[in-house]
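Below are two complexes that have chain A in common, paired first with chain B and then with chain C.
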Partner chain A sequence: MSVICRKLCSSILSEHFGQIVQRVAEDLFKHDARPLELICCTTHLPLTKIKEALCVLIKHGFVVYGQTERGLEYSLIHQNILLILRYPKYMFFVKTMCGDESEMILEEVLMSGYITASEVITKTYKKIEQSPSGLQPSVPVLKEKFELLVKNQFLTRSLCTDTVEEKTNEKPDFTLPDFNLAAVIKKIEGDNNSDPGDSKIYWKVNFDRLIQDLRDQIIVSAISRRLDENAGELMRQLLFLMYLRTASWAHTSNPIPLTEIKEAVKKINYPLLAHHLDQYLHLIEEDSSQFLKRVGESGGHFCVNMKEAFEQLAWATLENIVTERFGSKAARIFRLVRDKKYIEQEQIQQLAMIPAKEAKHLTYTLLQENYLQIQEIKKSGVSAAPIKTFFLFHIDLNLVVYMEVQHCYQALYNIMQRREYEISSNKRMIDKQLRMQTLTTNLKEHGATEEQLAEIADLMTPSEKQQLEKVQNTIKKLGITELQIDDTLFLLTMYLRYH
Partner chain B sequence: METEAGTSKEQNAINTDTNPFEIIEQKILALAQARPKGITDKDLIIEMPELPVKERAQIINKLLSQGHFDLFKQSGSLLYRLKDPSKAKIAKGADNEEKIVYSIIEEAGNKGIWIRDIRFKSNLMPTQLSKILKSLEIKKFIKAVKSVAASKKKVYMLYNLEPDTSVTGGAWYQDQDFEAEFVDVLNQQCYRFLEKKREQMNSCRGGPIMARNVTFASSKEVWKFISDLGISKVKLSVEDLEMILNTLVYDGKVERTLSSDGSILYRAIEPLLDSPGLIKSTCGVCPVRKHCYDIGDVTPTKCQYITEWLE
Partner chain C sequence: MAGRGRGRGKPSMSISTEQLGFAKGETLPPPVLQPPLKYPLLEYKPLPLNITTELSYLFELKKGYAEYMRESPNNVLPVVVKKDIERYSDRYQDLITDKSSYEIRYDWNRMPIELKPQLRKRKEQTVESPKKKQKNIDVELKLQELEKKENSQQSDVEEEEKEEEETEEKDDEQVEEEEEELDEEMDEGTDYANNYFDNGEGYDDEDDNLDDGPIY
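Up next is the complex of A and B:
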């Protein structure tokens, strides 16, 4: 793990969980797995604080513990910390799939790490009550939504246990809980003694499932872009069918028979697709993106080739990055080298049809920035004169992807730092506005007159208002950028996962 | 022996005063002219059975040294072929060095040869060599052509040869300069043509495969379009245009496929992805990223690029 990745994780933790958690995590970063006493030794924090911090980290799945000869040791899983960046995306995805209430349930689960069903329903109920969204809270509806989330495998049973020994089956468990609905309602009404009967059954977010869904979205949108909406929908159906017969994260799906594809397409309302199904399959299969493969003697089976798909997508991403950073001519050279695998400088300028000087400049810029690699080949048996050596350019895809992942980390870190800086440097004003808001709402509740409200509004000068608006826009813009960078990061990590 | 050869050919002899050797020489040359593929010793024996071997060898050697013949070896026997009369010109009024240099340049064909390589091959002194080259150039036996590969490098080739495309650079060069603008314009026009073809797809009602097939254009079609546009001063070949189309492929805007009849088809395509989120941020395209740390001259909090971008 690189330094920049560590800094990014650390900064994420500090933003979401505060200083102490960050320091404990930082310590685990530096020293890998280690027992509680040692953490205490290096961080100089009080033991109770460390325990609390570890508790939070374990609850959210950032830290795991295991019994070794040296005692109970804690170690950090930094990939999970990076997932926090994607929480808004997961929530949005669940919202479009299962509706507003589900999103709120998911948010509660995300916030607490793991939680019992009855508790999350209670919390969500209260939240809906307070929110001005106009939604009517209802326990049965919430339970239904919760079950829907479980059915879609967005939530899974948390197998966290109090003791180390109790390692139960590792398989994700989606058995629906049976709890007392009436007791939940009672609890909401303020009766703390009622027991819903699921106190030991905890639920957590099934990130694996959500990651796969985001992955599928990328594939579908890529096909929609390349061909058309119908082809995109067909791809979606193919992915559904893939789930039925293939282990998740397999490189290629098991063969899907044509008859099943036909049936699946019949069920959805895409008349044009149903009519031209064979042609669409042919198009996706023939496309240079290679997402789909025809297999078998009769040709009636299709395989979704995830590994290949993400290789193509990673290439597309890198090509775009090169275009943006060094211009379209450089991208031409980059694609040319990709196409020819190994190529000499002379040939590059000839085939890319770029003036010799410019071509050399661009090629060596790409080389310097590590997008291209150079390979020397010496003629055997001759003296080592430079004229007898061939210099071939080539691309090491894994290396470039890894480099870009680091680039994403740094960009994310920088944007986060900047956002924090913007917030802290305008803290006084943001606080003032918050105070004013609470004051106004309080006064409104007490039936204040228009005059009084106007008086409070005047507490802020026009220039201050302007400044505040600017800061808020800045923060918003930085937040959006963070999400966009994470898109790229996600795609590239998916590539690395398959290769 | 001489008299014998002369008397046997008495009736054919035009002028008895001339050396009988020359008569035979003329005859051999005439024979060689009649057979452009070359003559062998066997042919000579059949044509002139009375000529002794020793004399024949003498005559042939003389002709070879005068540069009338090229000597080849074909399936074990020697083959004499008459040299191009234009090439034979050098034989007159040139010394041995000039001849050697000439033959070296001749060997290089229309690709030409660099002065340094001539020097290595001929083992002549640089001053002497440049003198010879100058004299050959003045006599218009050879010419110097500037190569596009290196602007200062001159290559020599025979005067009557058309330089190879690797030397002139083909249609894309004008006086050793690569015409980048011309190439760019052609690149854009080709793309425009394919793009238009792609737009036809929307109006196609024959199913998705048919819709895709209308977007294909063969290199010939594009060539015709470009020729009709009349933007090119020089005449472009289909191969030239394929080079341009290939740059579009490397631009990622066009796809190349082989059709069933072996011709190459091109069509405009959409990229798989939008521009990635990373480069939408300033940090994605930052030129000073390597110097960016928490402390120092470049930090995210006081970064000028981010400030500009936020405004």
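Up next is the complex of A and C:
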């Protein structure tokens, strides 16, 4: 993988796990699979620390190990590190699907990599107890929520497998755990000896499922933005029907009969949609995005075309990027080249209706930035002079998407560096504010007077307060930008996955 | 132009200026003599950032997660080199930071055993026992020699021999001390004073140690 991807991964790790884990992972990134001794040799870290770091990495699923003839070897799965960027989105998604408690349970699982059911329930219970949200913690409810998460396949069993080969073959296991509820309650009350009876059954987050859900969200929101809410809901139902009959990452769904779509729509409360179902289906089918295809002679079956859908979405994203970077005229040229597949310079300026000089300038800028590719066709038997050659512009979508993915990595890395810089250059002030906060909360608990609290608040001068606010705003903005770039990154990686 | 005058009727440059969109007689842009700016001026301003409540919430989640992970034991802390003097606050710092080994946090049924921080004890037993025997033999020999010396008259030659033996013994001891230090480095608790710079020379030693160590 590229250098920038490595840099991004290591900056993500250093933000979450600190320097040592970062250095060990970076070493694995550079050298692929290697045994413990070699890591020790190149990183110059104490052996115990390397072991500890590897434990953390293995537990969170970033490193796998396998027995080879050279001994036990460790290798990094960098895609999983990039998933950390999307953790908040998974949590939010689960929150909207299954409620607040489920979100907290998922968060706990994400925090520990894998964990037993009883432990996660204990931890979540304590967290709810301490949080000021006003939720009432209750073990049976939490157990219910946990089971709901498993039923929705957001959590899966983390099985104990030793080698890499076995890991790829393992089937997700969703059998519910059987543990002693009373023992969990006892444990929460402080009895450390009670055994809930699931000590070896670990659970982890099923990212595959969550990725599919986010993918579906993109499709549904694309349709509802293009047409309207009703069409979006229809698309959601179609995707739901698709799950019933198709393998999870298939390019197109197996044909869905119209009668089933009708029944599914009847069950949900969208009267307008039920009334105009045929028209809506027709609209989605006729739409240039081609998410839906009518199949069969009678026309009673529909296919959801995921591959095509993501190609269209990727095109739309690239067009937007070109518009934002080079202006609307460049986007016009980009669209034109896309439309004509292969096109000559002369034709571009004629069809795009842009003055010759400007059209050339824009075309060459796009070429230079690799948004366009050039294909030479020589007349046979004539000398190689450029005047006798046709230069055809075209777009290699895979290439451009791959480049854009790299740009996303770069942007994310830059933003993270900037954020680190903002934090470290204002560290003194941020620390001071933190100390003041703890002091005030402590004093409040002890029943301090208003005067005392005001005195502490005065410790920070108005200019400092202003500066602090500015810094925090910047950090927040940078963080949100990161989340938004990740949206683009997700869409583009989905495209690459299907193509 | 270098190409001028070469051949007949062929264009002087491989691409004529007209092809690039310049009319005849129009001045070409001056040659670029400087590297481009490090931060080029943006021709098109980026879109304004729209902060919705959803995004703010996502940001809070992100921040919370990152902060928790940083403060959790998942953040492997470097070995702290002890500062010049002991400070009063150090005592409390010790109470705050969790000094327990990472061993208890993992289920070793599902982790590679070689990552378990227990290699030291086994190695001590296996490596040091033959050493001790050797040492005993040395002592016995020495006693015998001493007896001989008491019996026989001291001569200069013998004295020299004795000195040689002594230096040899000292060397032995030094080697042993070094090995002990190595052992200590493997341990977590006792390594504050050590400086962890490894120039790679000692790599072979450690490699050997590891091969000896784990018994599966």
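We take it that the second predicted complex is superposed on the first by the 489 of 499 C-alpha atoms of A that agree within 3 Å, B and C clash if a C-alpha of one lies under 4 Å from a C-alpha of the other, contacts with A are read in each partner's own complex, and residues count from 1 in each chain.
Here, a contact is a pair of C-beta atoms (placed from the backbone, for glycine too) under 8 Å apart; a residue touches a chain by one contact, two chains touch by 3 or more.
All of these numbers come straight from a predicted model, not from anything done at the bench.
Peer 1: Thinking of the overlay built on chain A, is A:L439 touched by chain B (first), by chain C (second), by both, or by neither?
Peer 2: A:L439 contacts neither chain B nor chain C.
Peer 1: Looking at A:I201 after the superposition, I want to know if it touches chain B, chain C, both of them or none. Which is it: first, second, both, neither?
Peer 2: After superposition on chain A, A:I201 lies in contact with neither partner.
Peer 1: Pick one for A:M403: touches chain B only (first), chain C only (second), both, or neither.
Peer 2: Touch status of A:M403: no partner.
Peer 1: Contacts for A:M429 in the overlay, against chain B (first) and chain C (second): which applies, first, second, both or neither?
Peer 2: neither
Peer 1: Give one of first, second, both or neither to describe whether A:A356 is in contact with chain B, with chain C, with both, or with none.
Peer 2: In the superposed model, A:A356 contacts both chain B and chain C.
Peer 1: If we overlay the two complexes on their shared chain A, which of chain B and chain C does A:E324 touch? Say first, second, both or neither.
Peer 2: Touch status of A:E324: both partners.
Peer 1: Between chain B (first) and chain C (second), which does A:K477 come into contact with in this model arrangement: first, second, both, or neither?
Peer 2: In the superposition, A:K477 contacts both chain B and chain C.
Peer 1: Looking at the overlay, does A:I485 come into contact with chain B only (first), chain C only (second), both, or neither?
Peer 2: A:I485 sits against chain B, while chain C stays out of touch.
Peer 1: Touching chain B in one complex and chain C in the other: list those residues of chain A.
Peer 2: Residues 324-325, 356, 477, 481, 483-484, which sit in both footprints.
Peer 1: In the complex, go through chain B and note every residue touching chain A.
Peer 2: Residue positions touching the partner: 149, 172, 178, 180, 183, 187, 207-209, 212, 243-244, 246-247, 249-252, 255, 269-281, 283-285, 289, 292, 294, 299-301, 303, 306, 310.
Peer 1: Quick check: in the complex, which residue numbers of chain A touch chain C?
Peer 2: Spelled out, the residues of chain A in touch with chain C are 15-21, 36-37, 40-41, 44-49, 51-56, 58-60, 65, 72, 87-89, 91-92, 107, 110-111, 160, 200, 202, 324-327, 356-357, 359-361, 385-387, 476-477, 479-484.
Peer 1: In their complex, what parts of chain C are in touch with chain A?
Peer 2: Chain C residues touching chain A: 10-11, 14-15, 19-22, 43-44, 46-47, 49, 51, 54-59, 61-63, 65-66, 68-70, 72, 74-79, 102, 105-107, 109-112, 114-117, 185-188, 191, 196-198, 200, 203, 206-207, 210.
Peer 1: So in the complex, which bits of chain A are touching chain B?
Peer 2: For chain A paired with chain B, touching residues are 7, 222, 225-228, 230-231, 275-276, 279-280, 282-283, 288-289, 312-313, 316-317, 319-321, 323-325, 328, 331-333, 335-336, 339, 346, 351-356, 358, 404, 407-408, 410-411, 413-415, 417-418, 421, 474, 477-478, 481, 483-489, 491.
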